Structures are given as structure tokens and as C-alpha cells.
């Protein structure tokens, strides 16, 4: 079997050296790395449901909370099936249908991936591998959460049938090719040298701009005015659970229980903490009160922004990224959104799209070469004498923004040929829970 | 100390070969396997409380939600104490009071199990062991969740004092002997060769048929009509948390962070995903709307059904098991239950009893011999040329159904001699929270 | 680099022997230990938010729930930033500003702690180390939860601005020095030989007596009468999640996935279970009904009390500690508190302060020398022929009680010079959510 | 036309509804309220402290009827709600000046049913 | 002085409020109620079982007005709430004997607005 | 017999209850409502956007009393609820045609207390 060097876009060049260095020892199963990646996979699963469901669900009105929870849960179920059936193979296979863009069906239904087979992919630990099945499942949970993130934008007005078809097609036609381009060893974007530790482009920029495309086509909610979240305690719970799960997302992305994973863990927590302070501080300055929703939103923005940077930046860099991204997103969500008038209901674009871009660019600024030194690689940002990295990051951002935005426009239009996207105004008024699922979240008396 | 080969019923014959092969290397502590099993134990604990509590608690009326949460919490506390005191020893000791049926008190209060002692039990990794204490705690959480599952059936009408006594006795007189018979090396059922990876018989069939026995004796709720769940958001959260915790339940059952654990992880997720799609799809077909409760219920049924199969089936097999079990359970819960008229309030029998049987039988169909090949064992189902396995599975099902059902009838009658099982009609009307615990879950104004 | 022996106060003397013994093998990264400690760190983070937030949030009135959630979330953000910036360095650096009391800034911003650097601290596994970054983050989460625990005492009446400033100063001036004194190799209390496995003094006694100091100065809520918790389902969820997270807290404190960690895991679960049974049993005896709030409170008290003992006691000892602590705390909370009339709103003092003391003392009774025998150390309590340990424990308790109580009085007074601590009576009546954050947790209609 | 308001025990709602249906009274509006009446009710106990609020959960029914139905309605509510225990509740009746059915614009007695 | 009570569909509240504002009626008290009327409503289905409760969510408006405003208020509610479907709701009007503004102690017609 | 309905600020409920007890008025029914009055109230701000709903939380009291108690009841409510700020609320009084105590079947003035 062809040996992959690594799935990280960032590792293109460095990895040559790395592979050479580490070519000698035969890869063996590392039970420690496997233990961490099993746990990390469970943590990333936890992010989609219940965490994201609660974060989003608390923000909508009572009559729509189930529809949001259902979208998260359905994304988990639908994408898991697609991923096992052929998604993983199309995204990560080393033999390809479209070179550099799409793999083939060689690993369909995890064919040939019996339990003893080791993952061909590794990041910081070339010798101590995890089972191939674990790597595939870890990736599955990334594929799951991405369409669920988009759902925040079009909350409270999309037909469930449209959601199902759209999610399936979007996963296959946008997520999978982008994942292949960015993460597979043959991927066209992989070869650019873009630094993206845990999925800033494939997950967050991708979801964010898909969200923007959808809401532009779908239009505003019929009664588009600011409504109070129906349960901010859920939103707070959800934010805390996302933070918790994100440790798996970012620190799991080293595919090893080692110092790089640890470093990503530290960066994740530092960025979330800094961002979780900055947003309510801006609230305090501008609107007189530090808000809980601000703290929760800030933390999530910090987590988004640090995602591409997690394994490359030191704690101070991580805090800077979290803080800067929060300032930009605050401005987008509270000023620009209103000005432009698109209805990004729960700020999927404002937080993930914009936060993702800021994070991707700042990775090119704050990447600290000291981190990977002992691991035989060098990743430097502008601050450490490598201004060119910023340019590479910008190209990466541009390509993924275009792919996500225009690709999504097309998919939407495609699905729109078959199914109407929006519920009727009457259904919107009555609420999606009753009209789409014939259920209610809460009883009044019982 | 006598060396156990493995605790898996399935391994009876295979294990001879396996032990021989692996006899040479002395078992040592594997920190990787231990790391995963510690995490997995925490995950299984999480399933009982808060996960199952929320799943069940959301489905009852406001006036009974605390009673359900309390039953889950109390099961955790009561069974933990019993397990440490003597439960584990009776269930897993290799010296026996009743040969093949019940161990003895040798490990009472974990006597002799000092921290450095390694687990005599292993599944896929004979050399890399976990501390005996970890194995005992992992098993503890299985012993905890089983009586909590039963509570779904008799919700909204059982006296708390009865619940406490019943749970303690049931644990000692039904769960522990069955666990010994199925999982101990000397167990009578162990020797049958039944495949049960993570507890389809001991946990799910057992709980499901105990549930049926209890509701037949206890009778219907006095005002037995379909009431809307008081908080479906809780139920959804609970289902997602169960899914999350089930990774520990199934993938932990390999007792190692290796390929077999990984394979069980994949099977778990695949079955849950397939089942979580099929149930709402049936809703859509039959009742015009895909329901959230359907998605949650389906996912849980899929998880139940894949439990015995987890380490033996490939992803496609797991999906098939999830889908088929869901169709059967859907039919049981929506049609048969109404016809027969027993009041299985939250479908503990319909989901765990029936789902458990379907899963146990289908394990005998879909077990794929390629999975354990590299581990020196062969487990084949009917689909892979070993139709006899289906027969063995059927025997296993029959025995555990009978034990659980008739055993529970007897225990119930026994406890009934001391304490009335049901609250009065008036107490039922006022609600169990106030009448059993003198507390209310929610304030109206405050 | 100077080699630390261990951070556990308990290990002072024993560790000399231990270090000697284990001096030979060079420490290497253990991926298994790292995997467990990464997971454990995430678990401890989970304890502060969402777990503690829900536990506390469910107990207050609807109009104050967000303020409580916000305090937990803000503690996480504020302390994380302080910890990375200089807190960890001041607490754990081996070079010192004030010998025995405070470290220096050598590890500020985790300076020099690149990913490949191993933790100088270890407990039971001298050879298999975790990255220094992981140890620092694990400790971070302990530093985070401590001020959040205090918040339970002054709930429903403190200004958020005061909370922020107080928390930051308290962390720097009380928590960090105490952590240094107790856990650093040079710490003055470290040298006393006090047994404290996972933070009974630094976390629980410290938080509990700080809580008492604050409420004595802050005064009662203006309308101080017993109000029903606004959502006991949240409280129950929170308690279960705390239990879950506590496995990371206690079993992670061995810094290794080994038998000592396993033993701490068993002790944790056993104490929680016993305590979770005893409190509702006392309710039953005294107030006629076993309460859910009692079960949740008992479990938390058990977890608090077993924290210092976790790695030193056998399961029976752990149960005894849980049960005894619960009886004492029950009496404090239901009788003494009312008599003395201080308004410890959510019993932070009654559960953490008192539970912590009982646990610390009983560790000196129940510490079982058989546990560490194979690890080359001996920790014995009075029950095992070492009555002196009880005296040492008492000194440890006294010192930390005084430091926490008087130190907090001073900090409070200091912050009080700048900012008023209390909201106005009108703000208290309207509720903190609206007056401090201009948000509401729930909508009435929407 | 009269409006009949009844405050009843929550768990009697089903019985009251049944009795009302039997009396051919099928339209009503229901809400959850808290009541302070003669009923004391054992106080709830949280962490050993007796809850001092004294408002008990009740259901409030609002039923508009024509004169002829007033007494049957009262009788039906009594039938369904009465247990003989303190706390059974009260019925309040007042005069309605006008009733309008929004859908049709009908007014008065015709609009009530 | 009259009190106008309206039971409407929840999602018509915004329209009704708009219509009332247009009619210069700006003060009101709103609550969530459950109604049993002529409207059947597809029953919700949980695990394949039809929910048998038959109380639908409604909004209750309580508006005190002086005589001159009674008909405009009714008209505005009708305008905002009417869809022509069963379930649109009802308006009940009764005589008020007294109105007091707590803040000032004013009484009667002056206190109403 | 009169029914006194008061809409008050939620946090004044305790004071109002005290004042009513002092006036020997002990029976009442309480519910949570939303009010739109003259009070503006700073809008809540979510992610920088001002919430545009304008319904404020209020408590609604319903107290049935005999004639002699009407003015004392009004006075007690005023005493407990008045702060002098806009939003203090209103009291509405109407005539009751009948009162029935479900438990005993008593009617009229005797049933009220």
C-alpha cells in the first residue's frame, strides 16, 4: 500500500523531510493514540448532538426548537450512512476518479479496512498509528457537523424534506470533494501548502459560506424581527458542550496523544477563553451590559477561529486569534448583517464563515516554528519571519470561499427543481415543529 | 490465579486457540487500553444519568419527571454499592457457590484487587491488560444501567419504596446470575457459544422482558391514554447522550483500544444512524410526518440491536441490523402494543426487549469472519456459511427471555408481599414527584 | 531541569524513596497516560460548564438562572486566561519569588513548554510521562472550577462587575499561592505530609471557606426565605454531569492510566453512590420523603469528601467517607445554617467547606497502606495503625481554612473599595438576569 | 349570556371535561394558575427547609354559555371537580355583555356555541 | 367601561396587535391559554399513537376600554385575527364597574388608557 | 359580590400579598401574564440586536370579594404594588353574578371566603 505522508494540508513540504526521517520504523498500533482518538471521535460526535442542537435550539422560538434539534440529529444519521457507504472512500482514497479532486470507491463500506489495518494517515506520530477504522470514524464526525452548522442560517423556515435532500447532496458534491482537495495527499489544495490544522476551511469556511448562499436564495423569515431566544440556558449548555467537544475536534486532529495534540488542546482553550471574554466586553462597552449570549457566542467564535491554527500557534497566539476574530465577528453580526439585511438566523455565516476566515488568515501570522521543531518540521507565520504564509493562507481562503459559495448556490437550485425549499407563510407562523413533524417540544399543562 | 481466557460468551471455542497462541507473553499493564477503558467506563456511567434520565424524563408528564430522574439516579447509587460490596464477586469470581450459575464472595469489597493487579479478563488483547479494578468498574456501569432501563416500562405509577427494594433484589437475583452464566468462564451459557459482544442478552433482553413482566403485574396507568411528552427537547438530548455513551458501552467491550474496539465503534455508529433514519421514514410513510421522537427512538433501537453484534459485524451488516430491528420495533410499539393493551409506558420492552432479540438473532446472520481473522479467531454468521450460529443465538435468546421474564415475575411477587407496588389512584393523579418525593420539577412563577 | 518528585502533598517523604527507586529509567512520553489525561482534562472542564452551571442554575429562581450560568462560564474564561498568562507559572514553577509560597514567571505564557517537553510532575508513574502542556491544562481546570464553586454561596445578589474583579483577584491572591504551598515540591504545606489526592484542600475547603467569608460580608438576600428551585431537572442533570466529570478530577489526578488512577475511580464512584443513598435516606427519616434534591446533594457531598482520599482508600473506606460526610453536611445545611442564619444560597460552604474538611480528616483515618505497596510507597491512616496522620490532616485543614477564610475577607474588602458588591434591592427583586445582563432565560409566549 | 369561571384541582380536569361534555358543554378555555385558598397543602421541603410560598397549582376554566346552560354547567363542574376535600375550588359567574365569533362576525347567543 | 377578552390563534397575535395599534388601542394584557372549540386540529402522533388531548394553544387578550372604543376594538381584533378558518376564536365583552391606575390612584375612564 | 383583577409588577407580588393578608383578604388566584402598557422598558439586546417585542412580564391577581371588602382590597393592592413608576399596573373590578364553593355547594357571599 502506498504510504500517505499525512493528511494535513499544512504538511505538504515539511512532510517530505518528516517521512524520510521516519521511514525506518514500521508503523505499529499505538493503544495510547487509539485510546485518545476513540475518545476524541466520541467528543466530536457530541458536538453535533446534543451540543450544537442545544446551542441553536435555545435561540429559536418554542415552536421551532424541535425542527432545529431534528436537523442536527438528521445530519448525524444521514451523513454517517453516506460516509460509511462511499463518502469516506471518495474523500480519502489514494486512488482517484478525478485526480486531485475526488477519490474512488475502493474503501466503500470500509471495504478492506479490517480491524487490524492501520491508518495510512498520521500527523505528528508516524510510528504509533491508530486503526484505519478509527481514522475513518474521526473524519466521519467532521463530515457530520459541517452540514449541521449550516442549519443555523436557515432556521425557522426550511422544509424538512428539502433539508434532507439538500444535506445529502451538499455532503456529496461539496464537502467530500473539498475534503479530498484539502486533506488527501493528492489533493490540489493540499499541494498549495495552506496551514489548516483541524478543518478551518473544510468545516467552518465551507459551512459559513454555504450558509450565506442558502439564506440569499431562501430569503428572510416572514416576520423578520429580533425575537428573544426561547431558552438561553439551553444555548449556554450547548456552548459549554461545544467547547468540551472541541477538545476532541482540535486536539484529536494530531491523531496522537502527544505534545502536538496537547498544544492544540491548550490553543483551543486559550482562544475560547479570550474570545469568551472579548464579546461580552464589547457588549458592555456598546450596549451597557455584558451578555451571556455574548459570552457563549464569543467562545464559539474563538473555537472556530483557532481551528485551523490549533496545532501551530502558542497560547498567546491562540488568545490573539480568539480576540481578533471576536471583534470582527461582533462587528459582522451586530452591524454589517443588519445593514445588508440577509437573514442569517443564528449567525452561521457571521460566526463560522467570518470566524473561519479570520482564523485561517491569522494562522499565517501566528504560526510559531518552535512548536514542531522537535517533530522535524517547521511551520512559520508572518510574525516569525515568513510573511509568504499569509499569502498562501489567503489563496486557501479564496478557493474554499468560492467553492462553498458557488457550489452551494448550484446545489440549492438543483434541489429546488424537485422540492420547494420554504414552508408556506402559514406553516412558518404555526411553527415548523407542528407543520414539519407534527410534534410539540413542550406541554403547557399536562 | 487461574487464567480466564475471556469473558465473551462468543469466545468459548475460539478462545482455546487464542489462549494457546497468546499464552507465551506475560500480560502487562497497557496504559493505552486502560486510558480507553477508564473513559469508556465514564461514558457508560453517563448513559444512566443524565442520558437515560433525560430520554425517559422528557417523555413523561411534568408531574412525574423527577420520579423518573430519581429512579435512574437511584439505580446508579444502589447498584454501585451492591456491586462493590459483593455483586462483582458473585458475577465474575472464578470460584463458585453454584457452579455455572453464581460466583462466590472472594472479591467482595474488591478484596485482593489492589491497584497493581491486572484484569484476568480480556477480549482482543491478551497481553495488554487493564487493572482489575477498571474491568470491575466497567462492568459496574452495565449492572447499573440494566435496572434503570426497566424503569421506563413502569413509569408514572410505581411507589419509590417498591422501586428501591425491587431494584436491589432484581439486581442480585436476576442480573448477577445471568451475568455469571453468560460472561464468566464457567458460566453455563458461556459454554453454549452464543455471540454477544457487549451485552445484548444480559442487558437488553434481560431488561426488556423484566419490563414486560412488571407491567403485566402492575397494570396500566389509571388514565391510560396517549399524552404528549412534556419536553421532547430533553428526550432528544437524552437520545444524543445515549448515542455518545454507547461508544463506551460497545467499543469499550473489547477491553482494548485496538481494531476490535474500533470496529465495534463503527458498527455502533452505523446501526444507530441507519435506525435513526428508518423510524422517521416509517413515520413519514404511515403518519405523514417524520417525527423527532421517531428519530430518537429509532437511534436507540439501533444501538440496542447492534449491542450483541458490535464487534462481529462489518458496517453494512451493522446498518442492516439497525434497519431491520427498527422496522420490527416500530411495528411492536405502534401496532402490537395497542392491540395487546399492556402499558409499557416508555417502551422499555418494545425497544430493549424486542430490539435485543432482533439484534441477538441477526448477530448470528451477519457475523463476518474477516473481522477476527488477524486476531486468531473466527466468528461467522449464516450469511458467511455458518447457519448453525443462528440456532445457537436462538437458544441464547430463549434462555435469557425465560430467565428474565419468569425470574422477574417471582421477584415482583416477593417484594409485593412486603410493599404495595402501586401508588394510589389519587397519588397517580397528583403525580409521583409530589407524592413520592414532595418536590416539584418546575416553578410556575417565582 | 530540576526533577520534581511529585506534586502531591502526600508524597513528601515517601517520594524520596520513590524517586530513588525510579531514578534509573529516563522519563518518556506515555501515549496511554497522555490519552487519559487529555480526556480527564476535558472532563474537569465539563464540570464547571455545563455541569456546575446546571446544578446551581436549577436551584435559583428563573430570573437569576442566567447570572449563575454566566458566573460559571466567566470563571472558565477568566481563569483560563490568567492561568496561561502567569497563573500556572506562579503556582507550579520550581524557582520562586516567595520561597515555599509563590513561584515566579518562568513559565509565563507557557514559555519554554514546547510540545515535546515532558511534565516534570508525576504521581504514580515516574517513567511514563505526559507532555508538560497537558499537566498545565489539567491543573488549569482545577483553578477554573474553584472560584465557580464559591459562586453558589452568593447567588442571586452579587453584581457581575464585582464578581469579575473578585474572581480574578481571588484566583491570583488565594488560589495560586495555596496551590503552590500545597502542590509544589518546595511548598510549605507540601512538606507537612498532608494527604490530599485530588484537591480537597486547595479546591474544596478553599472554595467552601471563601464562600463563607463572602456571604458573611455580603449579607442575606433581601427576601430570604426558602424558595423552590426553578428547575430540579437541571439540578439533577448537573449533579449527574458533575459525577461524570469527577472521574477526570480524581482518577486523572494519578496523572497516569494505571492502577492508582483506577483505584481513585473506584473510590470516587463508591463514595458518590453511598452518599447519594444516605442523604435521601435521612430525608426519608426526618422529612418523610426521600428527595431528588437530596440524592443530588448527597452525591456531590460524597464526591467532595472523597476528593482528598481518592487514591489512598479502598472502596469500603470510600463508602464510609461518603456516608459520614453526608450525615455531617446534612446536619450543617438543614439545621446549623438556619440556626446561624448566614445565607449560603446554594450551600457552597455547607457542601464543599464542610464536606472537604470531613474528607480531609477521614483520609487520615481510612488511608489503606496496601494500595501503594506495589508502587513503593506507604500511606496509612489511623485505621491502619498510623494515628499521627489524622493530626497531620488536621493541621492541613486548619491552615487552609484560615488562609481561605481570612484571605477572602481581605480580598473582598479590597474589591469593595472599588466596586459595590451588592446589587440594589430593586435590582435583586427584578432579578440579576435583566439587571446585570439585560437578558432573560426563557420566553413566556413567542 | 354568562361567563363561568372555575378554579379546580389540576388532576380533576379530565373528570370535569367529561362531565361538561355529558352536559353538552363543549367549548372552553383553560389555563394554569396558582391559587391561595383555604387549602394548606403540605409544604415542599428542599434541603430540609420548608418552602414558604403558599400558592398551589390550579386549573382555571373559562366557559361562556347562554342562560339556559348556566346551571347545567355549574352542576357539571361540581360533579367533575368535587372530592369533598378542602381545595376543590370555586366557580365564579358573571354577566357577558357581548360575544363575537371572529370567523363569522356572528354576535350574541349564536356566537357562544 | 368595558373589558374585551379575545381568544385568538397564537400566530395571529402580531396582526391583532398591529390592528389594535392602528385603532389607537395600545394597552392590553396577554396570556397563553389552551382552548377547546369547534376546531379539531390534526392530533399529534407520538410513537405512532394519536394524542387524545384536545386542547389547542391559544392566546388570550384582555383589553379594558371606554365605551367609545368597544366597537373599534372588536373590529380591530376581528381584522387581525380572522382567517376564515375554524379556530379563529371569540371575543367576550363585559361591563367593568371600576378601573384604578395603581401608580396615581386615578379611577374610572381616566385610568383605563 | 365583586371580582377584583389586578395587573402588577412581578416583584411586587410579595408586598401585595402581605398587604392583602393585613386587610384580611386571603383568597386569590394568581397567574403570569404579559402586559403592554405605558411602560416602555429598556429593550433586551441579543447579539447586538434590540428585541422588538414589547410585552413585559406581569402578574395577574384575581380576587373575589363581598362588597364590603372591595375598597379595602383595592387599597391593599395599591399599597403593595405602588412604587410611583410607570408600569405599576391597574386594577379592574366587575360585578359577580354568582359564586359557588365546589366542595360544599354553598353559593353567594358565603362561598366567597
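The letters A, B, C, D, E and F name the chains in turn, as written, and every chain counts its residues from 1.
Methods note: a contact is a pair of C-beta atoms (placed from the backbone, for glycine too) under 8 Å apart; a residue touches a chain by one contact, two chains touch by 3 or more.
Only a predicted model underlies this, so the values are computations on that prediction, with no experimental measurement involved.
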Same vs different contact residues, chain A with chain B, by half of numbers used:
different
Contact-pair count is greater, between C-E and A-E, for A-E
Cα-centroid distance, chain D relative to chain F, in whole angstrom:
18
Inter-chain centre distance, chain A versus chain F - centres from mean C-alpha coordinates, in Å:
51
Measuring from the mean C-alpha position of chain A to the mean C-alpha position of chain C, what distance in angstrom results?
33
Centre distance in Å when chain B and chain D are each reduced to the mean of their C-alpha atoms:
46
Return the residues of chain D touching two or more other chains; collapse runs of consecutive numbers into ranges.
30-32, 34, 44-46, 55, 94-95
Two or more other chains touching the same residue: where does that happen in chain C?
30-33, 35-36, 39, 227-229, 257, 287, 289, 291, 293, 438-440, 444-445
Name the graph shape formed by the protein chains and their touching pairs; answer line, ring, star, complete or other.
complete
List the residues on chain C that touch chain D in their complex, please.
225-229, 283, 286-287, 289, 291, 293-294, 297, 330, 333-335, 338, 347
Contact residues on chain A for chain B in the complex?
29-36, 38-39, 41-42, 45-46, 49-50, 53-54, 57, 65-66, 69-70, 73-74, 76-78, 80-81, 84, 109-110, 114-117, 130-131, 133-134, 136-137, 140, 160, 234, 257, 436-443, 446
Quick one: in the complex, what on chain F touches chain D?
3, 17, 26-31, 62, 64, 94-103, 105, 111
Across the complex, what residues on chain D touch chain B?
11, 14, 32, 34, 42, 44-46, 55, 57
Which residues of chain A touch chain D once you look at their complex with the stated criterion?
444-445
